[in-house]
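Per-chain numbering from 1; labels A, B, C, D, E and F assigned in written order.
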Amino acid sequence: MIKLALYPGTFDPVTNGHIDIIQRASELFDKIVVTVARNLSKTPLFTTEERVFLLKESLKNFNNVTVDSFDGLVVDHAHSVNACAIIRGLRAVSDFEYEFQMALMNRKLAADISTVFLMPNEKYTYLNSSIVRNLSQFGSDVSEFVPNVVQDALIKKYAVK
Amino acid sequence: MIKLALYPGTFDPVTNGHIDIIQRASELFDKIVVTVARNLSKTPLFTTEERVFLLKESLKNFNNVTVDSFDGLVVDHAHSVNACAIIRGLRAVSDFEYEFQMALMNRKLAADISTVFLMPNEKYTYLNSSIVRNLSQFGSDVSEFVPNVVQDALIKKYAVK
Amino acid sequence: MIKLALYPGTFDPVTNGHIDIIQRASELFDKIVVTVARNLSKTPLFTTEERVFLLKESLKNFNNVTVDSFDGLVVDHAHSVNACAIIRGLRAVSDFEYEFQMALMNRKLAADISTVFLMPNEKYTYLNSSIVRNLSQFGSDVSEFVPNVVQDALIKKYAVK
Amino acid sequence: MIKLALYPGTFDPVTNGHIDIIQRASELFDKIVVTVARNLSKTPLFTTEERVFLLKESLKNFNNVTVDSFDGLVVDHAHSVNACAIIRGLRAVSDFEYEFQMALMNRKLAADISTVFLMPNEKYTYLNSSIVRNLSQFGSDVSEFVPNVVQDALIKKYAVK
Amino acid sequence: MIKLALYPGTFDPVTNGHIDIIQRASELFDKIVVTVARNLSKTPLFTTEERVFLLKESLKNFNNVTVDSFDGLVVDHAHSVNACAIIRGLRAVSDFEYEFQMALMNRKLAADISTVFLMPNEKYTYLNSSIVRNLSQFGSDVSEFVPNVVQDALIKKYAVK
Amino acid sequence: MIKLALYPGTFDPVTNGHIDIIQRASELFDKIVVTVARNLSKTPLFTTEERVFLLKESLKNFNNVTVDSFDGLVVDHAHSVNACAIIRGLRAVSDFEYEFQMALMNRKLAADISTVFLMPNEKYTYLNSSIVRNLSQFGSDVSEFVPNVVQDALIKKYAVK
């Protein structure tokens, strides 16, 4: 049986830290679905469609990775794509507690799906989408932290604002 | 290609929390090797051979799980069995930091092997081998926390002492 | 002298985790006052009156527990009801630091009142009001996590929205 | 019904931080039993008898506090003295996780007994028995951190060594 | 060469905890520039100009400390004033992770500037600007927590509201 | 007045993470004294003299850094060398709490000395002396983690054992 894992996130925008996790996951599972959470309390910088596009462009060299988006509960989407696992990246203790709580609840809601935590390279410990947006907003070069297509999109986005 | 994961630990003795992790892992990977670390700074209650025996007895219903033991570095043993992943259970923040540090070092030493963290059922949050030994030493019933074969071994061990 | 403890919170809405804490507290103190904080930076799902009602319905079998609401500082309300203790539930490290800081400040403001931390059953580790609201919003059954009266109120609330 | 709480610990030796917790607890419960754990993996500086003596001397002004010692499991001793609660002091995140795990296990073993966490004054955040022993060993004045009878005992103990 | 350190923050308003850090820093470095971050996601209680004024008044007895404000990235402002260090106060684990992440990113952006963490007196562990605003809003006396000029400004601010 | 900082530690043995901290500190202070703690509960791999030697060899290119060793309390040694600061490296939350407690106690014992926390490069997050000893014991190449002189000493030490 093919083993598929779902990697849900906000990806506003995708960073090299996310891609490092996807690289790892793509070696462990037969197929990875990277999925953008539509439903957000705060307004994202990029629309769902833009975030899906930036992920697709950034991941086009991975032949067992696809990208989509979802509304509602992660476990429902996991069931709909026949995932056996949900992938989450862990970088810090503060990540850990929130992730742990979500993973316990998801286990309660869907006993057949395991949450699998992967750890990015230590050089991405300091990296998250919010820091990248912040740097880009003040005109810093972020080419070391995100794919080129994302840097271009950030420059365009902040030029308009 | 077959996907094999190594689950290293002290297992002094194996608890239902460990078995919960192994159950999860056995659904995600084609084959699991559970491996007992021989080399310990403190003297274990059970010898390596006893710990391997108790694991084998406890896991005989899993048909894609085998048990062995190792000396030296985990990543060297992972290479010798052609593992693509090292499995670790995460229960608490204090686990997390130590595990994270080991995982980063192992990634440095063996870039081709990912550490995969799984989370036991929340009913095992409070459970570890040291608490089980402590309870058993004072004559408490530990049948809820360990397989029967382990409870028998604990009773025998503490009767001798 | 009668020993009264105040259990302040947002209770938006009350969950089985809160009720587990109240059950414990009601066995340790002569009287418990559960009190809803009126003053909130973010808009709650339920009004203060609704939250008080749901607590009263959920707690009607406890004969030493009453429910009210308050504005202002917790220690001022604690003084007004002659409490010797403030009850707080602790589930995770992230709870801990915030709670600790509040408890130190409250101790500074009212040296005669102790903050008492109680721990819910581990099966409620993953449970909080925000997760319950989130599940309910997407139509999940939350009967395992909240009293029936709360589930009904959630269904009605989200049907209106 | 009288409400009794058990405060177990190593107390090697008792510090002003412990006494601060006992002071608080003695105002919340009808009776407090402070109990010295006999059974220790590492050798304590003071014998069980010395630790009981130092506690008794330090606590003689509290008329609802008694001191004893115990072997075995804390919950068994709590039952034998009819305690409804076990008191623990919490100072830091690292305390928290260990204490949490013990409290969950104790709740499992004895559902009728609650663990109650109290917080010492923030001026005792940095204080523990091990730091006091360390300071005393190098001849520092520790009169600010422990009762006089304990300081005298420390001086005598290290003079002999 | 003169050694200058930058102490950036929101200071909404400055508390005695901040002043304790500045006191420490002023003894370690030749010159300290305390700098108010203009750019904030949430609306501050005091305007940038008010926050600068309150800092200047509170710090007028320190002869090697100046106050300014900045827009943009901290490291850019640090370069513009020739700082060799960025000062940050650390009180709790939750501070730590966020600060650590910022410090790693700032090290990446400006390898010539070190982040230096200082620890306030333990009596300021429970103190932050948000708690002070909260207390003041409900009419509590905050003279123990902030300089007089700040208490006056808080009273005036909340009287207007 | 010359500003001197003391950097105390076990250094068993010195790693590139320590040297990164010393590099940073040597740019912030006029003079750094790196000092080896003689007094240890567990037996170190290298003697105090060996640890001092390895530090001296590793640090000979820093012209404002000297190396010594001490018995007793860190603050007493800090006073004896006229230090205004004690340097400590911080890598993780678990470091943080212990360090914080020591820093608060040292501040209590010596109000004129500040503890200054510096953060190593993130590539040293996973690195500590114990991991280096462990790797070296099993014959791994540790040249990426320690100075050459230390690697040679480790090889010699484990060949003898």
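By definition in this document, contacts are C-beta pairs under 8 Å (C-beta built on N, C-alpha and C of every residue); 3 or more make two chains touch, one makes a residue touch a chain.
Being a predicted model, the structure only gives us computed values, none of them experimental.
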(request) Determine which of the two chain pairs, E-F or C-E, is joined by the larger number of C-beta pairs in contact. (result) E-F
(message) As a quick test, compute the distance in whole Å between the mean CA positions of chain D and chain F.
(response) 34
(request) Would you mind pulling out the distance in Å between where the CA atoms of chain A average out and where those of chain B do? (result) 30
(message) Could you work out how far the Cα centre of chain A sits from that of chain D, in whole Å?
(response) 47
(message) Report the inter-centroid distance (CA atoms only) between chain D and chain E in whole Å.
(response) 39
(message) By the touch rule stated above, which residues of chain C touch at least two different other chains?
(response) 93-94, 97, 100, 104, 122, 125-126
(message) So which chains actually touch one another? I want all the pairs, not just one.
(response) A-B, A-C, A-E, A-F, B-C, B-D, B-F, C-D, C-E, D-E, D-F, E-F
(message) Please output the residues of chain F touching chain B within their complex, sorted ascending.
(response) 92-94, 125-128, 131, 134-135, 138, 140, 144
(message) Applying the document's contact rule, which stretches of chain D touch chain B when the two form their complex?
(response) 72-73, 76, 93-94, 97-98, 100-102, 104-105, 108-109
(message) For the complex, give me every residue of chain D touching chain C.
(response) 3, 24, 27-29, 84-85, 90, 93, 96-97, 100, 103-104, 107, 114-119, 121-122
(message) Which stretch or stretches of chain D touch chain E in the complex?
(response) 93, 122-123, 125-126
